[in-house]
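Both of the next two complexes hold chain A, though its partner changes from chain B to chain C.
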Partner chain A sequence: MTAGQAVAAGLPGAALLWVFAAIAGLAARGPRVRQLAHALLAAGSASGLLASLAHQLAALPPLKLAAPPILFGAPFVVDRLSAFFLMLLHGVSLMAAWFGWRYGEDEAAKYPPRLVVPLTAVFCLGMHGVLLSSGAASFLLFWEAMSVSSFFLVMADGTADSRKAALLYLAVAQAGALALLVGIGVLGGGSARVTLAALGTGLPALPPASRTLALGLVAFAFTSKAGLAPFHAWLPEAHPRAPSQVSALMSGVMLKIAVYGLLRFTSICWPALPDGWSLALAALGLGGAVVAVISANIARDIKRILAWSSVENLGLVFAMFGFSALAGAHGHPRLASAILGAMFLHVFAHALFKAGLFLGAGAVLHGAHTAKIEDLGGLANRMPRLSAAMLALALAAAPLPPFGAFAAEWLLVESLLASFGTGELLLVAVGAVLLTGVAFLAGMAVFAMVRLFAFTFLAEPRSAGARLAAEPPAPLRSPVAVLALAGLALGVLAPWASPLLPIPLTRAAWTVSAPPAPAAARAATAAAPVSALPLALAAALAGALVCAWLAGRLLAPGRRVRRVRTWDCGQPIDATMEYTATGFSAPLRFFLRDIVTAEKHLVFSRVHPANPWITRGSMEFRKAAGAVERIYLPIAGFIEGVGARLKLLQNGVIQFYVALMLVTLMLTLWVAL
Partner chain B sequence: MPLARLLRSSALRPRLVGTGRSPRHLGGDRPAPEDAAALRAIVSGLYGGRSLRIRAVDAGSTNAEELELTALGNAYYDIERLGLSFVASPRHADVLMVTGPVVRNLAGALRATYDAAPSPCIVVAVGDGACTGSIWKGSYAVVGAVDEVIPVHIRIPGDPPSPDDIIRGLAAGLRGAR
Partner chain C sequence: MSPALLTLVQGAIVVALAPLAPGLVRRFKAVLQGRQGPPTLLPYWTIATLFRKETVVSQSASWVFLAAPTAVLASSLLAACVLPLVSRGGALAPLSHLLAVSGIWMLGSVFLVLGGLDPGSAFGGMGASREMTISAFLEPALVVSLAALAIASGSPAVDAMMDVAGRGLLLRPWLLPAVGGLALVALGENARYPVDNPATHLELTMVHEAMLLEYSGPHLAILELASAVKLATFALLLANLLVPAGLLRAGAGPLAAAAAVPAAIAKLAVTMGGLALVESGMAKLRLYRLPEFFFGALFLGLTSLGIGLMAGFK
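Let's look at the complex of A and B:
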């Protein structure tokens, strides 16, 4: 079987298996059939993973898959760009299905499996369809399938908070989908039954205002889905609410689908992105990442910390994309493709470590029955294997060598330094700002990950749940370990990872219809990625550790370690003496109090009116108005106000309705004649 | 300037009062200059000239030994001049001075203190109670002598031993130490 046949069989096969998984999950009444559904999910993912890897490693040209042209008017096509994202989707969904196999049964009381299993299959199917669509109609349809199924998954546990978060998510997702629909309508001349490639051909004929409008709408659609500031407020609310394997899919893959959409649409329609838009994307990405990484250091729920970290990483991805587009537009294709290489490597690494961290958080939640970081602690003794995997993932997210994300950031820093050599003021200035931002983000990410790992796994447990926790069963911890190993492998093999990236790394290659000239492809490939320096750094780090250990052994021979109880001055040491996660981030909140504005309300009331000395005090501490209060609620208030005005028309008086109809008829006739 | 010298000599210099004899002859308790000198020599030879830190552990004494240990630090005996001092934590201690017969309620604390001290740790049993259990030996409330809980290197008997006895005992006990 050739690679082409494998792809042609594997990708539709994956979709078919997922359809069966959805049906089985819907029909399931007992654990047996549900496990069959999970097995089908996993089988579909494995098939898709193998097919996308085959497409990548064999460097196949864009391939048409079997398609129902009547329904969508355009075939399903897989090219290098979609194969890269398909690899991420199927890899993560495979792990999610493996995890859900056990987690779904154990948490059946919290997340009804008859809802979760079929919706997960539909969710995966939606992402799969978005990646394969070459037509606007099918792209929109699968995009909606992805949004709506994930909306239901967010509120799967049925609590009031989850419903609130899910509705916020739905509002943003539907606004984005509407913007995408209108944007496609503007670009496609009022029709959605066009191919994506055709959207670009009609563009030059449009007036400049329409072009800007279309770009704005498309950019809003994708950036709001990916959680770019200021459209990110839904993300840290919604992602932690879903079952953990779905959180892993949402943070690990769904955000990347939005990145894919932005790459695809801008590659087709705006081969040279206007400078203003590139700069805006870079600025919003970097600014959002800064705010998000600070929030990650303040959040007190593991999954919420991870969600904020996703906002940060996606912000960095958008900053890289913006800078790459800027460099490309100013005639530096090598620089542009190197930064795109860093971006894809980062996307890849983030998918691995974030999915792993979310699955691990699910395993912690499963064992300790709480995700509040202040109630955890001491899990390293109770869950040694899971802790080891989570430590690796936290290091990967920090990002430290030898993991994949470090290689990506290293490549970015190298490229940013290279941009100083271009001598163009704009590039140098933006590069310098980005470099500073990346340094800040890297430091703060280390802080956030140290906080996440230390207060979850180290010291003494701070609640009964954490004290009684035990090692999670193998199906829950193995996917976490596999993802940790994959992240490690990506970091170690980064210098040789370019066949897995959508090379050639030029946006001209991702327009579906026109594969680039072979010469251009070769040049761009040669320009692509990663030096072996991160690896050398990692090796140096490991070497330094080994040397320190050896020196300790050689310089102090025969020194024995005596293990005794910690000296406690006669006061038994317990968890109330521990440094808390809130205390750990207190200096940060202090130094950044202009950004992290918090409102503290102290109220004292006299117990007896005549006695001023004995008082009862209460303190309320809440985060000051964020994006939700400043941006979302005013918009919602405006829409509600308009709705209230429009309600005057619906006053229940039938004569008024008849008069309205008459007026409408007269106006229509007047316009028509 | 004779005037300035006069002012300085009259107002700023410490003035000697009394008979001019050394104050150690005022008391009835005979100090032991030769033992103190021996102990100082031993301590300065022990850790390359560094001082020796003592942690006092009360394992159930009558407080008589504590009074004598406190007296070691006063201006009269002043063991800091010999390179010995009391510290507040076993983590900083080279010597544990244990007093009293070890009562059952403090046996665990004594053990924990010994574990917390860095090794090698010199354990000194101060007083009859710590050395043998004394009149409390065999009581249901006491474990007995200190060496029933942790190893003891030096025993200083007495009920209570005077500060001089303690200095002499330390000097005798540490004489062979290296």
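Let's look at the complex of A and C:
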């Protein structure tokens, strides 16, 4: 079987297997059939993973898949860009199915499996379809399947909080889908059967206002789905609510589908993005990432911390994309492609470590019955294997060497330094701001990930649930370990990851000895092969670890170890005296108090109405208004106000209704003729 | 001498001289403060004694606590091998990339923090929280200061920055703020005044010591050695940025290698003298004043970077 045949069979096969998984999940009455459904999910993912890997490794040209149903109007096509994202989707969904096989049964009381299993299949199917669609109609259809199925998955546990989060998510997702529909309508001249590739052809004929409108709507649709500030408020509400394997799919893959959409549409319609848009993307991405990483240090639910970290990472991705577009528009294609390569590597690494962390959080939740970080602790003694995998994933997310995200950051910093050699003020200034911002984000992300790991796994347990927790069963632990190893492999072998990525990784070399004249500057950003430094660093780290270990062994041969209580000043200490996660990030909150403003409400009431001196006081302390209060609620209030006004039309007077119909008829005739 | 041997020789010299650094600074401080002070070589004896003691481990601690000292020492050792401290152009010199160096040091800080938190003591938690804050906020200052030096030397490797060190700094005076920023980073990263008080055992003021509180015996010896190596690394790096003389190159003979040891001791002595002056001349900053220190360091780096970029890197 050639690679082409494998792709042509594997991708539709994956979709078909997922359809069967959805049917089996719907029909299942007992655990046996549900496990069959999970097996079908996993088989579909494996088939798709192999097919997308075959497509990337064999460097195949864009392939048309089997003839599509008439409904979709345009064929399904897979190319390098979509195969990369398919690889992420199928890889993560394979791990999610493996995890869900056991997790779904154990948590059946909380998340009804008859809802979760079929919806997960539909959710994966939606993302699969978005990536393969070459027609606007099928793109929109699958986009909606993805949004709506994930909406139901967010409120799968049926609690009031989940329903609230899901409705917020639905509102943003539907606003985005509507914007996408209108944007495609404007670009495609109103036809629903237009192909995506044809959207760009009519563009020069459009008036500038329509072009800007379409660009704005499409950009809103994709950035709101990917959680770019200020459209991110739904993300930390919605992602933690879903079952953990679905959270892994949402954070690890669905956000990347939105990035894919933006890349696809910009490459078709705006190969040269206007500077203003690139700058706005870079600024919103970096600014949103800064806010998100600080929020990740304040959040007190492990899945919420991970969701904020996703906002941060996607912000960084958008900043990279914006800067790459800026460099491309200013005549530095090699610099642009080097940054784009770093961006794809970061997207890849983020899919691996974020899916792993969410699955690990699910395993913690499964064992300790709480995701509140203040109620956890002490799990490293109770779950040593899971804690080792989670430590690796937390270091990968930090991003620290020798993991994948660090290799991406390395390439990005090289490119930012190279941008200093271009001699163009705009690029140099944006590059300097990004360099500072990326370094700040790196420090804060380390803080957030150390806090996440340490207060989940170290010290004494702070609740009965954590105290009684035991090592999770292998089906919950193994996918986490596999993803941790994959992240490590990506970091070590990053220089050779090009065959898997949509564009090869390059390094923008830079020479800065000569004063950069415009012509010389072009030469300065010559493409260079990516150095093998990540591998060398990993090897050197391993060597240093062995040396340090040997030093400890050789210099202290006796090695008597006595176990005693933690030093307690004579007063036995317990878990209530430990540092908490909130206390851990207190200096950070204090130092950043201009950004993390908090509102303190003091309420005093008299105990006796005649006595003003004896009062009962209460204090409420909460984070000051964020995007929800400042942006979302005013918009919601405006829509509600308009709705209330429109109610005046419905006054029950039949003559008025007839008059309205007449006016509508006349207006229609006037517009149509 | 081959590049690989050069790296090994540098690592051996730095590790062997490292305990001298805290010994020297204590000695100088004692002299400045009119005390007799402990013997200069005391840290060697401390570490040797600790290696012979038994290990006491908290019942709350997990495998992370036991693994942390090894990881911290590995981070210090690797930084001591890749940076241009005693030699230049060693086999690992390409790894002195500014991001790699910051990543290596950050790994050490992370494991120190995890080890401090694991026994569940409030002291360890307090120290860990402060240490993580300091490391996180000094990260941008470190990267930006090194980036300023990188645009002058034309390479992101710290090894190549020796080209613009010494006389090069006088030709490019706009680099001096970046070196100052690095000096502030060095004070913060090594838990010295004005960020931390290395001599205290008063729990409300300590950062580094608080994290080591539950460690004993060989574990403590490894951590003491690791922090001495880190101090010596920063001291030699700063000294070399100002006076890059006496650095071994590939092809140097054993005689030159022998001569490099007194040169390194002299550099350590001068830097530690400066550190003793700083520590005797100023009070420790309150924790809540530290943002001024962090943003001061970042601002120094950004000043150099900004001027360098405006001047077209000349």
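For the reader, a short list of remarks on this structure follows.
As a working rule, the second predicted complex is superposed on the first by the 588 of 673 C-alpha atoms of A that agree within 3 Å, B and C clash if a C-alpha of one lies under 4 Å from a C-alpha of the other, contacts with A are read in each partner's own complex, and residues count from 1 in each chain.
Assume contacts are C-beta pairs under 8 Å (C-beta built on N, C-alpha and C of every residue); 3 or more make two chains touch, one makes a residue touch a chain.
Since the structure is predicted, the reported quantities are computational estimates derived from the model, not experimental observations.
In the superposed model, A:Phe590 makes contact with chain C only, not with chain B.
With both structures placed on the common chain, the touch criterion links A:Leu669 to neither chain B nor chain C. Of the two partner chains, chain B is the only one touched by A:Gly570; chain C is not. In the superposition on chain A, A:Phe406 contacts chain C only, with no contact to chain B. Legend: residue contacts after superposition of the two complexes on their common chain; A:Ile614 is shown touching neither chain B nor chain C. When the two complexes are overlaid on their common chain A, residue A:Leu435 makes contact with chain C while staying clear of chain B. Legend: residue contacts after superposition of the two complexes on their common chain; A:Val653 is shown touching neither chain B nor chain C. Counted by residues of chain A touched, the larger count belongs to C, out of chain B and chain C. Residue overlap on chain A between the chain B contacts of one complex and the chain C contacts of the other covers 562, 564-565, 567. Those residues of chain A whose C-beta lies close enough to touch chain B in the complex are 562, 564-565, 567-570.
The touching residues of chain A, when paired with chain C in their complex, are 377-378, 380-381, 384, 387-388, 391, 395, 398, 400-401, 406, 409-410, 413-414, 417, 420-421, 423, 428, 432, 435-436, 439-440, 442-444, 446-447, 450-451, 453-455, 457-460, 510-513, 515-516, 531, 533, 536-537, 540-541, 544-545, 547-549, 551-552, 555-556, 558-567, 573, 575, 577-579, 583-588, 590-591. Interface of chain C with chain A (complex): residues 51-52, 54-64, 69-71, 73-75, 77-78, 81-82, 92, 94-95, 97-100, 102-104, 106-107, 110, 113-114, 117-122, 124-126, 128-130, 132-133, 135-140, 142-144, 147, 150-151, 154, 156, 213-214, 217-218, 221-222, 287-288, 290-291, 294, 298, 302, 305-306, 309, 312-314.
Chain B meets chain A in the complex at residues 89-91, 109, 112, 115-116, 119.
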